[in-house]
Amino acid sequence: MFKRLRKRGSKKIGLSPGTLVHVGEKKTDEVKLSVIDYNLNNAKFEELESVGELTHYIEKDTVSWLNVSGLHKPDIIDKIGDEYDIHSLTLEDILHTEQRPKVEIYDDYVFIVLKMLQYNDQKKELDAEQVSLILGQNYLITFQEKEGDVFDRVRSWIEKGQGRIRKKGADYLAYALIDAVVDHYFLVLERFGDHIENLEEKVFSAPDSAMVSEIQKMKGDLIYIRKSVWPLRESVNILLRDELNFINSENMVFLRDLYDHIIQVIDTVETFREMSSGLLDVYLSSISNRMNEVMKVLTIIATIFIPLTFIAGIYGMNFQYMPELEVPWAYPVVWAVFVMVAIVMVLYFRRKKWL
Amino acid sequence: MFKRLRKRGSKKIGLSPGTLVHVGEKKTDEVKLSVIDYNLNNAKFEELESVGELTHYIEKDTVSWLNVSGLHKPDIIDKIGDEYDIHSLTLEDILHTEQRPKVEIYDDYVFIVLKMLQYNDQKKELDAEQVSLILGQNYLITFQEKEGDVFDRVRSWIEKGQGRIRKKGADYLAYALIDAVVDHYFLVLERFGDHIENLEEKVFSAPDSAMVSEIQKMKGDLIYIRKSVWPLRESVNILLRDELNFINSENMVFLRDLYDHIIQVIDTVETFREMSSGLLDVYLSSISNRMNEVMKVLTIIATIFIPLTFIAGIYGMNFQYMPELEVPWAYPVVWAVFVMVAIVMVLYFRRKKWL
Amino acid sequence: MFKRLRKRGSKKIGLSPGTLVHVGEKKTDEVKLSVIDYNLNNAKFEELESVGELTHYIEKDTVSWLNVSGLHKPDIIDKIGDEYDIHSLTLEDILHTEQRPKVEIYDDYVFIVLKMLQYNDQKKELDAEQVSLILGQNYLITFQEKEGDVFDRVRSWIEKGQGRIRKKGADYLAYALIDAVVDHYFLVLERFGDHIENLEEKVFSAPDSAMVSEIQKMKGDLIYIRKSVWPLRESVNILLRDELNFINSENMVFLRDLYDHIIQVIDTVETFREMSSGLLDVYLSSISNRMNEVMKVLTIIATIFIPLTFIAGIYGMNFQYMPELEVPWAYPVVWAVFVMVAIVMVLYFRRKKWL
Amino acid sequence: MFKRLRKRGSKKIGLSPGTLVHVGEKKTDEVKLSVIDYNLNNAKFEELESVGELTHYIEKDTVSWLNVSGLHKPDIIDKIGDEYDIHSLTLEDILHTEQRPKVEIYDDYVFIVLKMLQYNDQKKELDAEQVSLILGQNYLITFQEKEGDVFDRVRSWIEKGQGRIRKKGADYLAYALIDAVVDHYFLVLERFGDHIENLEEKVFSAPDSAMVSEIQKMKGDLIYIRKSVWPLRESVNILLRDELNFINSENMVFLRDLYDHIIQVIDTVETFREMSSGLLDVYLSSISNRMNEVMKVLTIIATIFIPLTFIAGIYGMNFQYMPELEVPWAYPVVWAVFVMVAIVMVLYFRRKKWL
Amino acid sequence: MFKRLRKRGSKKIGLSPGTLVHVGEKKTDEVKLSVIDYNLNNAKFEELESVGELTHYIEKDTVSWLNVSGLHKPDIIDKIGDEYDIHSLTLEDILHTEQRPKVEIYDDYVFIVLKMLQYNDQKKELDAEQVSLILGQNYLITFQEKEGDVFDRVRSWIEKGQGRIRKKGADYLAYALIDAVVDHYFLVLERFGDHIENLEEKVFSAPDSAMVSEIQKMKGDLIYIRKSVWPLRESVNILLRDELNFINSENMVFLRDLYDHIIQVIDTVETFREMSSGLLDVYLSSISNRMNEVMKVLTIIATIFIPLTFIAGIYGMNFQYMPELEVPWAYPVVWAVFVMVAIVMVLYFRRKKWL
């Protein structure tokens, strides 16, 4: 968890700005470049061997979407930057996978950074990947740390010509991809919802100390999600507010819809955070309750038997002159006293509602 | 509780945008279309068999209110959308019953989403239903997940020509319906108020561990209400701020009144939230107090009898040379010691205010 | 406490808007109308028998103050509304005694709702009453739920011609009355201050579980005061910001002064709220401390005597071959052991600072 | 502490506004009027006998600073007000020593209220005094509740002609005096810093229940300081924002510097507040730790000796047929059992890390 | 920790403003002046003996960077101020090393104060040093409390002509230096991240009371970092917002990048603060858990053996008529009872899940 929070550039520090270095984990072996080029009538899918092949697509009227997965070869990124005339700071940010989500508006393009989240079931961990988008006049470039399947649904819409996507430009494509990422947040949050529900049931029935660590971990994850989504909200807001010429004004309604979804993610995250804090309270009160119960058992047993033991102790003394010892009915009387003391105690505890 | 918080679209994900799908629980079997068409002099109530019959009402000068209950047949919604020229995103939002309350202003209409809340006495649960309103020039379309009785009071006013409603346009009708929903929030909150009061009495007299879960549940419900009402406040504010041509400026005063009511709901919810947090504190201090009391009883009993038992133990030893054992008045003296030790202890506890 | 928070209109719900109904407790038997009509030179005090007599005052140049105490006869309010041309929503709000404090600006008048607070010594409860003011060109109408004495100081100023009041218009009168209400808040807060001080002394010297409920009640009351004063601040701010023609610009300085007082009330309420939260913390730590002390006593006694009892137990065994038993100095040696063990233990506890 | 928070005007209530009354503690016996009149070349110091002597200074070009210490003679204040043409509300505010810090801008002067704080070492209390400033074209009037030494450093600068003060106007003088007050806040805060440091050391080494009350008192004091400084920040901000003709624009840079100092005071107060909350947490965890330790000692002793005592008890029974009793090596064997049980227990506690 | 928070000027108080005094710790023995003068083609490094030598650099077209390390000789600062025409308040602020980070814009230069943070491994302490920058038309002056190595990377870029630095002006140099400082924050935060991780592991496995103090110290350090970075964010924002003629508009993109980095530092600090609060909660729940466990062991042992001891006590009584004592099979029966009681108890604890 923390690793994600800290790592910014020990690798980078000392290098002169402008040097492209990949900062982050290497998550894939190969860098893959794939282009989808489409308009209303046609859609062409191609895997590129080298950056050079890009030139085919640049000057065309069609919408071209270049997807780069794998960021560990700075020179490839550099060449793409040259091809599309991208500012060097943008390229640095793409390679630097510990960015906060943000939008930056340049003269020729909009640069959008966001976080793709996925719940890794094997490791029981939240998996974050940085996705960068460069939206230009009729092109979109996306950078992923590794190949993923979140964008597949958009690819399939383009392929089959479903929905509005083929009728719209690169701006709608960008919207569709961001929306796909945001929809994935809901899937991740569903997991957390289930998890909270499970914990909630367990905290009442069988609280154990491992739960605190689980709750703590979940809170950390939720903080991370919040940190990923809050700036995204601001980013989309910037796109909505500034009238950019890359974004068709009639597509604004989709951005607004996207904005609503992001707000909903934030709402849910906040609710989950409150819920997990609540869980901790419940856990602590559960522990208190159990301690109380333990104490009651101890007190009841001790309070009944300690006085009895004392009485037995008295008649275990070896004084020569203890008249009671010789009385024949003394022993049954002592038994009666034992029973009476016990009954009185039990009644006392009943009245106190300890039994 | 959580179900309401998470569910957004696992069903939806993967579908191309623009495809109308009902997301949410199916709460009724039948889709019912009913139209109320009125002006100052007449009011006509009709149940429609098909969307086609709508055409009678569209071009008329009278105010027509179309109420749709049941959202599981997307094609009906789709046809209505065609009839009234509604944007496809609006239709998607109507079918998507996990929306946040919002207002969206289109050229021809205002789209309002809100949450109807009801307290289900059988299930002891908060019941939420999404209500969508489309307010156009002289029509209002409302979408409910199931038939309800909250709107009945407005229907009866129209029928009997009570109040101002027949003198006013579709905008006042929308206000009256939203106000009816908001009034229902007060009823729901009254329940919570009673519940808090009960819990408060119980937490002092007989705190038990089930209360924590009850308080926790109530806090969750209050969070949900807050999430339903906060955006509504913002929505009404938008209507107040933007001067829309669907809304007669002399009806603004009613919107302002509505706004006041919403603020009051929010205030009450916040107060209840503080109160329930307070309850948890009280509960924990109650538990601490009880533990303290348990400990005191144990300590008093143990502290009195353990030393006495020790003394008895001494004279239970079998040493051959224990001069005390032969002294005739030793036994009474030991008894006197017993009594004295006990008295000293009791006085000590008195001074400490444990008794 | 809660009653005040919830009650909005179960009585009202279902009635068509525009119907005047009194919502709230009936706090007086009679509705009393009294008029004070004054200018710099004269002041006339009159009790009215019927609303009809108002006509004398309406068209005059003098300042006329109509005070209505008792709200349970809607028809009287209705007639006054007709006489002064008051909007029906304003009349509804006057009768609805669970309003939030607010200011509403109409063309002909300003409508101000505020809460009069008094501490009821018999019931040990905070008493809230709604006061509504309608400030017109040269008249002021005030509505109280019952006759009170808070306005008496203003009446006496008018009667005796003290201060600036007779030189100023209805706007200054309104200011003077609101100021009187706000001054009463300080008196109420003084009570709470004393109460907190008492509790603070008690929480250190003799914390008992009833305190939690007292603190909780006080927190509830403070929340209520805050809810009464916060919106009032906003209201006065509106009056300050909007330049209304009912309010003489040279009287703005008094409104600003009033604003300062309200801020001071809010500050004090917030401080008291922090203080009462602090009290709860102190209470809990007090309880913990006492538990700790109880535990120490138990531990000291048990730890000293349990080993001693064991030793005594050893020599209470009936083995035939226990050489120690026959040694003449064994018994004194055991006693020495007893004393030594006890001393060692006491020293140990001393070092641990438990004694 | 609380006294400062509540007292506003029980004395005042009922009096007609415009009547000058001193509200607050009388802190000095005599009212002292002293004038310092200076320009770049000369500085004249004079104690006035009566307000009448002021006329000498009013129409002059030099900067005149009138300092009034002691507020219990309203007529003196009244006369000064006449002389300088001060609004009656300003005079009321000067006499009313429970004001919030504020700035009020009149046509002819600026009225500034602030709080002078000093730590009273004898009473171990925070001492607050209200200081009011009236800054006019070339005069400054200051009102103090009692004679103090905070302004002495400024007096000495004027006397000796040090720094910029003699080159500047009344506005710089006002700045210098407010800065002197703010610098005193730092001295007060240094005390609190030391106090927190002491408490922090003590809370780890020797937490005792008196600390809670100390922390609580300190929190109250810090709330009071915050209440004194927050509005001052806003006040200086108003002076910075509004371009007043009493304030030379080239002196703005000093006001900005003052503003920075105030922000620093606020920062420090907030940090101290967080620190004292932290202290309470540490205290509570300290108490928990100690309780834990107490419990461990009890548990170890009890758990070792209770079973041993039981074994001893067995062989203290008087059954006629207990074969073990006659076995010669039984007694040593029992001892061996005792030792073994004790060792096992000790090892068990070792493993649990209780020893 | 606290020392840093409080110390502002006891040394300073009483001095007339305008007097230059160094407030703060003296961290170096010598004051060192070094100049780096460069343009695209050349870079000259020189150590100055006296301030007089500065005149060479002032009127030149090249970018000159004067670095002053050591602030304890006010006269040197004073002379530099004369040379570059710096406002006296700026000079005071440079010498006053307890400033809040800030930006102040003068006609001829921008004055920037920031905090350099370093983690001192020997003392295990956060080390803060004030760095002031004066950015003029083609010069930059930096003031450090002691010589450091944070700026070395920038020096080396200039020397080797790496990156963009030699192509840009003094504004880019200022950016590069601030960026170096901000990058150091990340290194410091990495330390805290590691520390939190260690504590988190330990708090579950082996919570000890020293941790509270460690967590508390870390929270204090994080508050300090936040206090250093928050105003820096505001400062950079001011530079971004106000279009200054010292800052080339095409370098704005770097400032924006810097801004992003600062936001990321703030985010991380906030996350760490939440994490450390979480740690304290976990610690407290850990302690509660352990207490619970201790109590369980005590209760189990006591509850099993106290009744058994009582039974043994009964047959240790010396009554003459105790028929059981003579029965030959009584002793085995008692043993059976012992075993049975123990088994019942163990089963009871099993059911309660204490074993």
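Order of writing sets the labels: A, B, C, D and E. Residues in every chain begin at 1.
Here is the rule we use: contacts are C-beta pairs under 8 Å (C-beta built on N, C-alpha and C of every residue); 3 or more make two chains touch, one makes a residue touch a chain.
Everything quoted here is computed from the prediction, not taken from an experiment.
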| item | value |
| --- | --- |
| Common touching chains of subunit E and subunit D | none |
| Approximate Å spacing (C-alpha centroids) for the pair subunit C, subunit D | 26 |
| Geometric centre distance via CA averages, subunit D-subunit B, whole Å | 42 |
| Set of subunit A residues in contact with two or more other chains | 284, 288, 291, 295, 298, 302, 306, 309, 313, 316-318, 322 |
| Arrangement of touching chains [line / ring / star / complete / other] | ring |
| Partner subunit E, residues of subunit D touching it in the complex | 153, 157, 162-165, 176, 179, 183, 186-187, 189-190, 193, 196-197, 200, 204, 253-254, 256-257, 260-261, 263-264, 267-268, 271-272, 274-275, 278, 281-282, 284-286, 288-289, 291-292, 295-296, 298-299, 302-303, 306-307, 309-310, 313-314, 316-322, 352-354 |
| Subunit A contact footprint on subunit B (complex, rising order) | 2-3, 5-10, 12-14, 16-19, 87, 89, 93, 98-100, 102, 104, 206, 209, 212-213, 216, 219-220, 223, 227, 280, 283-284, 287-288, 290-291, 293-295, 297-298, 301-302, 305-306, 308-309, 312-313, 315-318, 322, 324-326, 328-331, 334, 338 |
